[in-house]
Amino acid sequence: MSTPKEHLVLALSCPDRPGIVHAVSGALAEHGGNITESQQFGDPSTGLFFMRVQVETTAPRHEVEGALAAVAHDFSMTFTLDEVGRPVRTLIMASKEAHCLSDLLFRQRSQRLPIDPVAVVANHPDLEPIAAFYGVPFHHVPVTRETKADAEAQLLRLVHELDVELVVLARYMQILSDDLCTELAGNIINIHHSFLPSFKGARPYAQAHGRGVKLIGATAHYVTADLDEGPIIEQDVERVTHADDVEELVARGQDVERRVLARAVRWHAEHRVLVDGRRTVVFS
Amino acid sequence: MSTPKEHLVLALSCPDRPGIVHAVSGALAEHGGNITESQQFGDPSTGLFFMRVQVETTAPRHEVEGALAAVAHDFSMTFTLDEVGRPVRTLIMASKEAHCLSDLLFRQRSQRLPIDPVAVVANHPDLEPIAAFYGVPFHHVPVTRETKADAEAQLLRLVHELDVELVVLARYMQILSDDLCTELAGNIINIHHSFLPSFKGARPYAQAHGRGVKLIGATAHYVTADLDEGPIIEQDVERVTHADDVEELVARGQDVERRVLARAVRWHAEHRVLVDGRRTVVFS
Amino acid sequence: MSTPKEHLVLALSCPDRPGIVHAVSGALAEHGGNITESQQFGDPSTGLFFMRVQVETTAPRHEVEGALAAVAHDFSMTFTLDEVGRPVRTLIMASKEAHCLSDLLFRQRSQRLPIDPVAVVANHPDLEPIAAFYGVPFHHVPVTRETKADAEAQLLRLVHELDVELVVLARYMQILSDDLCTELAGNIINIHHSFLPSFKGARPYAQAHGRGVKLIGATAHYVTADLDEGPIIEQDVERVTHADDVEELVARGQDVERRVLARAVRWHAEHRVLVDGRRTVVFS
Amino acid sequence: MSTPKEHLVLALSCPDRPGIVHAVSGALAEHGGNITESQQFGDPSTGLFFMRVQVETTAPRHEVEGALAAVAHDFSMTFTLDEVGRPVRTLIMASKEAHCLSDLLFRQRSQRLPIDPVAVVANHPDLEPIAAFYGVPFHHVPVTRETKADAEAQLLRLVHELDVELVVLARYMQILSDDLCTELAGNIINIHHSFLPSFKGARPYAQAHGRGVKLIGATAHYVTADLDEGPIIEQDVERVTHADDVEELVARGQDVERRVLARAVRWHAEHRVLVDGRRTVVFS
């Protein structure tokens, strides 16, 4: 009788020193593990080591986890172990613009984007039909200066009730409080509509037009209390010309925003992104 | 007996109002002009109109010029009229890095870049062999805090003696004085080794590495007294990853720098770039 | 009392000879026309001249049309005159894959794509909900070898009843008959899921995988009786690696397909595409 | 007294089965090896497994090599072991066009391209000054139908005398004999001036112009007896328009050719390219 195989993904980081790869691959091999994908990076500037391994094992997952925990202890290692392809429970926040929300839900349904969209939260009601079309519960949580704290509390309740693992700000046009950023640190991704660090802050396309740039861009990054300064996950650009007015930049920018955000969400959900100080390691 | 044809390029700008195109094409038609290429742009934000026309004429150039001067007077127009493809007398400034200088000279010789490189000026002697290989006179003009004024005076003398029309800063690592920038305004192009306005100032690749960007870029712009703020002519980017250290960013950046600079120089030399306040109109 | 202005777009082609631009701009000026955008191209290889002009006029459109008809007669010219931004009545054909249909309808609603989607015709019922979401009538017209002629007759009936100006094959997986191609010539656009002329015919992503290419692409082209050989309107590519299997190529390819098709449809709808023998002139 | 470290790169391929990674990392660990970079790929379509590892070791290289030979025997493995960054002895072949030769030599000198250019062989004398500028011996070996066999014999003599490890066809416009292709199999790279498999054979830019493509490309591939069908290493494209004539396509194409070839040569020299049937695995 053959044991059913599990396909697991391990992502880890620790201070860099000799022997890490051997210790990890040894622990996996002892449990019948066959490594099918492996990437690693040692960052000389932070002294940290990062690794992502996909492995087929015949041993039960808790056994593999135990073996890794021992290695992790020896090497002061942080690690996550997950099933390859398991959809990550995701809450998407939006305001009025549809392109990012619509694109994420489309890719989830048609392009194997491994997220499970458990809720859409928006501070305007406009996008409800899109959520409904894809069968995702829609929560309209308006935000004013007075209600902001309540709104964030409501969001956190949803995060806990729904076991949310990832929050995506899909052109959500509200600034989150520092506390919320800290609470969700490492599990909240924003799409900024400029090629950061150019044009931080408000109305980046108007800024870009005023400066006369020849490419516009978008940046997906982890959200930190330090606005528009979180670790960058992905960026891309599109060519524009003098003839494109701000409205045209906005329209063209939407294409870049949605594809940059989709890539960042995919890589995060596949445990391909590891935070390395102010930077990210992306094993794409 | 048929009159030999001239192929001329007209570039103009003026306050936008109805009738400009008709007046210009009328003036050209009266002198046997046949328009072979035409581009235009009215900028609502500055109220200025820009046009570039290539025209074959049977009339002598001074007649065409006279007819255009009359139109220019009526429309408060600035214009230049030149032969299509005439090489622009160009002085290239460099320091120690070869890639931009070498690339411009290669393209001039092999790829129809319409410049006539009349001199290379460098504050270090390292690049002399490249200038010699391409047969361009090399002037070593060292710059220290004390000799900076003299060095700039020497540069201006060369500009005047050699009838220089365009100065290209091909990774010239000195900051020019405000006076020099003003004197050469509109005729001096710099390549900045970042995607402006990101990473202005010194060591942009180190800044880019520190910020963890996923694309690096280069920007060709007209030089103004306001450092790294002159009107942008062209930009491009290249993808990088977490694994690229600063040295690797520098090496990859060189590819972007040289092709961005080459495009900007070509477009300028073909009278395709018109300054529109802080921005440029590029009829590429 | 000021006359209301019309904003018109003129697209024309004719044998190339001197005087065309002047004749056209003269005819427009006589009717109070102010040219706001103008592009032109003379193709030495076919001897044809192409021009696209946007013009604001105070005269009624039929007067402008009459004046242009006279010029057209003199120069053996073909031309169209339309209002700038008028939505083109468009019929979209699809099969089972949603990405192109969904994207076109999204852009029509949110990104100023100037089409009026009057019908979706599909040989499978799967995409009905998307059409319903955007409020576009959905016609399920199954196709078998036996019913193909009937299906095409039904399509043509719809084209005539709905005054369809443009047919878009948005991943419609049936080959059209030569007669239908001829009937709709110049008004039917297909998206081919490869970088033509590479990988014509069936299963291009499987072919691309087998050949080990490092970029995959998509091509939007006018449909002619000569399969995958019609004039190309737009192409783009995306980078892939050895690790991407056919299924992954398909998923990544969808992004290229939808954006290439959207650009081609926009340019066609804005009268920016002119056929030049086997090639197209695109005044983008 | 500390043992000096060696930094080695191992590239291997073998039939895919469980245990390879563990066996290899074990063999390396036994000799004090610390893995600093590791990539792998199992190709389900060919059943082959590929791996590239960079490792710092304290043991002498021959000991590591011995340990690996034992593993290789068990797994029917082919492998190469080399020092990281060792310049590969390279012979460059060219004809009249300078851009690829010039670019490779520039990058070797200024951008850490790890080749040692031991000879330039050309069937025309034109490029001698470039070779001389970079101090590389130039061999003018003219080729006519009658002398072709002699010329190839002369080339092979050079390859052997100079211990050449890699031959690069940098726009060498002669077709090599099947025997020569076989002799140099896996160690000879060509740059084809089209996006293969489009426009195989002669004058690809003229073919591309005739077909009206909107992007032109270049392909670096290993040379096999089957012309333009060898495994592709790298490809890239550049945007063109209807207005670009064949001469312009050629000029723009040169930029793509030189950067595609440079990448392919770098990856080959760094042992990042492994042949997988008709395809390549590129651990870039």
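A few notes on this one:
Should a chain be cited, it is by its letter among A, B, C and D, assigned in written order, with residues numbered from 1 in that chain.
Convention: contacts are C-beta pairs under 8 Å (C-beta built on N, C-alpha and C of every residue); 3 or more make two chains touch, one makes a residue touch a chain.
According to UniProt, the chain labels map to these proteins: A, B, C, D = Formyltetrahydrofolate deformylase.
Keep in mind the model is a prediction, meaning the values are calculated, not measured.
Any chain that touches subunit B and also touches subunit C is listed here: A, D. For chain pairs B-D and C-D, the one joined by more C-beta pairs in contact is C-D.
Each chain's centre was taken as the mean of its CA atoms, and the one lying most distant from subunit A is B. At the interface between subunit A and subunit D, over half of the residue numbers appear on both sides, which makes the contact a same-residue one. For the pair subunit B and subunit D, the distance between mean C-alpha positions equals 37 Å. Averaged Cα coordinates give subunit C a centre that lies 41 Å from the centre of subunit D.
Among all residues of subunit D, those that touch two or more other chains are 41. On the subunit C side of its complex with subunit A, the touching residues are 97-99, 102, 106, 110-112, 129, 133, 251, 254-255, 259. Within the complex formed with subunit B, the residues of subunit C that make contact are 18-19, 21-22, 25-26, 28-29, 34-40, 42, 56.
Interface residues of subunit C facing subunit D in the complex, by the touch rule stated above, are 41, 43-45, 195-199, 209-215, 217, 231-237, 241-243, 245, 276, 278-282.
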